[in-house]
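This is the structure I want to talk about, given as structure tokens.
Each chain gets a letter, A, B and C, in the order it is written, and its residues are counted from 1.
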Amino acid sequence: MTRRATLTGGALVGIGLAEGLLNPAPAAAAAASRDDSRYARGLAVLHETSGERGAAVIESLRDIAPDLGRFVVEFAYGDVYSRAGLDLRERELSTVAALAAQGDAAPQLDFHIDAALHVGVEPEEIIEALIHIVPFMGFPRALNAVAVARKVFADRGVGFEPPVMDDPRDRYMRGTEKLVEIDGHHGLEVIESLKDIAPDLGRFIVEFTFGDVYHRPWLSPRRRQLVTVAALTAFGDTAPQLRVHIGAALNVGLSPAQVVETLIHVVPYAGFPRVLNAIGVAREVFEKRNTPVR
Amino acid sequence: MTRRATLTGGALVGIGLAEGLLNPAPAAAAAASRDDSRYARGLAVLHETSGERGAAVIESLRDIAPDLGRFVVEFAYGDVYSRAGLDLRERELSTVAALAAQGDAAPQLDFHIDAALHVGVEPEEIIEALIHIVPFMGFPRALNAVAVARKVFADRGVGFEPPVMDDPRDRYMRGTEKLVEIDGHHGLEVIESLKDIAPDLGRFIVEFTFGDVYHRPWLSPRRRQLVTVAALTAFGDTAPQLRVHIGAALNVGLSPAQVVETLIHVVPYAGFPRVLNAIGVAREVFEKRNTPVR
Amino acid sequence: MTRRATLTGGALVGIGLAEGLLNPAPAAAAAASRDDSRYARGLAVLHETSGERGAAVIESLRDIAPDLGRFVVEFAYGDVYSRAGLDLRERELSTVAALAAQGDAAPQLDFHIDAALHVGVEPEEIIEALIHIVPFMGFPRALNAVAVARKVFADRGVGFEPPVMDDPRDRYMRGTEKLVEIDGHHGLEVIESLKDIAPDLGRFIVEFTFGDVYHRPWLSPRRRQLVTVAALTAFGDTAPQLRVHIGAALNVGLSPAQVVETLIHVVPYAGFPRVLNAIGVAREVFEKRNTPVR
């Protein structure tokens, strides 16, 4: 029996944990009914993305912070995951990217790599998304996330045979092609701007970020930009790079609305401040290109 | 026997570990005497906030970085915790918020959730402070911090029966009321500014941040703003949000001096750069409102 | 047998794992030959810095992300570690600082504290570098990194007797001297700028950052600035502090090229965005001082 809020007179909210999922306590009915739509919708999406594991996470909060579990269901899944604009595979890939970029979220990364597989993301795409964050957040976070992925693949009995890249072309040449394809002239400006102070840093961006990583075929350009935008947003202090890569997202075919949707998707993982800052950058990009959201 | 600094001629500093706490080595007396006040004051506050655990942490550094232990005592506790302006409950709540916001500090979060209980913070307030950071840093850091809290509560035998919120009013309506109460017109401006690009993001801020979270009665508005300011400062890259929420801290009755005190309190947990950046934001807010610190 | 990239027709790249280090598969020869120089150079530097552990890390990725292991060898070691401008002791100290500053990188911190010892960094210098980050990132990350160092020292049987500082002079006086020595007038400006709003915060910077920490003799001023610049860059949202401390790096004898080299060294650990932002700050500092990179 949990205490009710002293300031409020209503009945307890049936937060629908465990058996409550099926049989909410009568006392909860009235209150729950108000938010039934969000809670029920969230629970359905949580189950669709995570199977039994989702309900288990909510249940695990019952003893200490049941309302936090309710917020996960109602806000993260009922409000955000259930939105249109991105499919569940794109959402779980964005989640994995945001969690890997932030670091310190191994339990959630485990949960969402499992969820990504559950909704049909290919193991190659998950590993590729983690390789993709290396140029943006460095090797440590990618390596630690790959260690989590290995565990999840093993737990699920996913027989994963990692692909290996081979491209006979010159790295700088293929990198420049890819850079222009993805970032357009903005990307070249970044490289140019380094000539006076750190030309090799510019070369590394071309050769490694674009020649080695962006060139890999196991994640589509569109999904690479979803991953890039989600990861940069969650990482923080990346406004100049978000400017380039939100533009790149439009270049590879994402609509302004889909970019905004990707930013909104990051809220449950990194909070409103990071996303509000990224929205400010997106607005600049959209205005400069005269491509309104609607 | 530890080596002395080769550049300095004085006797070893008795950093007062273990039995040394009571019987500093004679050789240490002269040197220690210089800083006795800070070290003794710090040790007293450390014991007041953490009981025996505090001395144990300092002792645990004796084999590898004894001066780091001394800095914890002298700077974190002798200089910062012993200051006026915030009481120890407010300081430990701010510490828990700063640590949870940063992530990757589970051992310190364990220590300070225990300390928060030790100085009289209610378990409800601790869990509430962790739920409060969800809109600002996302679910993962809150969930991982709640897992630490669960362990600490169990270790201390705290029988915690989590409260559950119920508010029959429309979330958007109650959220707007709370938003105006807390942030004043600044908050509404943020929502308004999203209408052209991400109106649902603005709605989520009203409904979730203010309608769901800020409305909860288990943490006072004043303490919510201490938690918000400490967490945003430690999180980094949050200047626009600090601008709104330092203003909100003044709105709910904190003085400019208390806001500055909260920022200073974050130094031992996130370092001077984050705090100096937040001080710059605080100065703008105070000047705009013509509310000097003294 | 791993699959080849569907988009490319070449043979598999022999990424030289385990026995492959000595006997690359024939199929790999052609492809590998293109990048032999980078891969072989990287493998040599990896072995020079980390002995057998390096190859073990690459091998550990063979089952799940072999190309990620190849990128570690080719990019982190073949491109970055093998550059001139900083010696391997300076590079490993910078790596340890960048990893400790970021947090959430215990496995990499373990690896690189071991590597730092391997290339001849003194245990005192490693602990000192971790104590040095306290004023910049706070105690928690330093304490967690020290716990990793303790484990590494024990694993390697490093008998470490920690030095203890003693300086009879007044902390504010010695701190002011050091502040002016390191940061020049920029540093004093920071302290002055706090007089109106948080004078004690300025005093803490003088007494603690410079009087207590910078004064310690176990890390040279030059290496302290390498550590400071690497840590601030990896930490993020520290542009104003990077401005002061890149200037300080020049003050203590590092060349503009060495500062840029330190920033480039951080790329494998924190990614390009953090480093690009720091390069922008470095450019301002160099231009203001009229000290071009070459």
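Convention: a contact is a pair of C-beta atoms (placed from the backbone, for glycine too) under 8 Å apart; a residue touches a chain by one contact, two chains touch by 3 or more.
Note that this is a predicted model, so its numbers are computed, not measured.
Visitor: Rounded to a multiple of 5, how large is the rotation, in degrees, that superposes the C-alpha trace of chain A on chain B?
Guide: Rotation angle, to the nearest 5: 120 degrees.
Visitor: Looking at where chain A touches chain C, is over half of the residue numbers used by both copies, so same, or under half, so different?
Guide: different
Visitor: Taking the mean of the C-alpha atoms as each chain's centre, how many Å separate chain A from chain C?
Guide: Centre-to-centre distance between chain A and chain C: 28 Å.
Visitor: Can you list every residue of chain B that touches 2 or more other chains, as numbers and ranges?
Guide: 103-104, 236-237
Visitor: Inside the complex, what are the residues of chain B that reach chain A?
Guide: On the chain B side, the touching residues are 103-104, 127, 130-131, 133-144, 146-147, 149-150, 153, 160-168, 190, 194, 196-198, 200-201, 204-205, 208-209, 212-213, 216-218, 232, 235-238, 240-241.
Visitor: Inside the complex, what are the residues of chain C that reach chain A?
Guide: 1-8, 10-13, 15, 31, 34, 61, 63-68, 71-72, 75-76, 79-80, 83, 99, 102-105, 107-108, 236-237, 260, 263-264, 267-277, 279-280, 282-283, 286, 292-293
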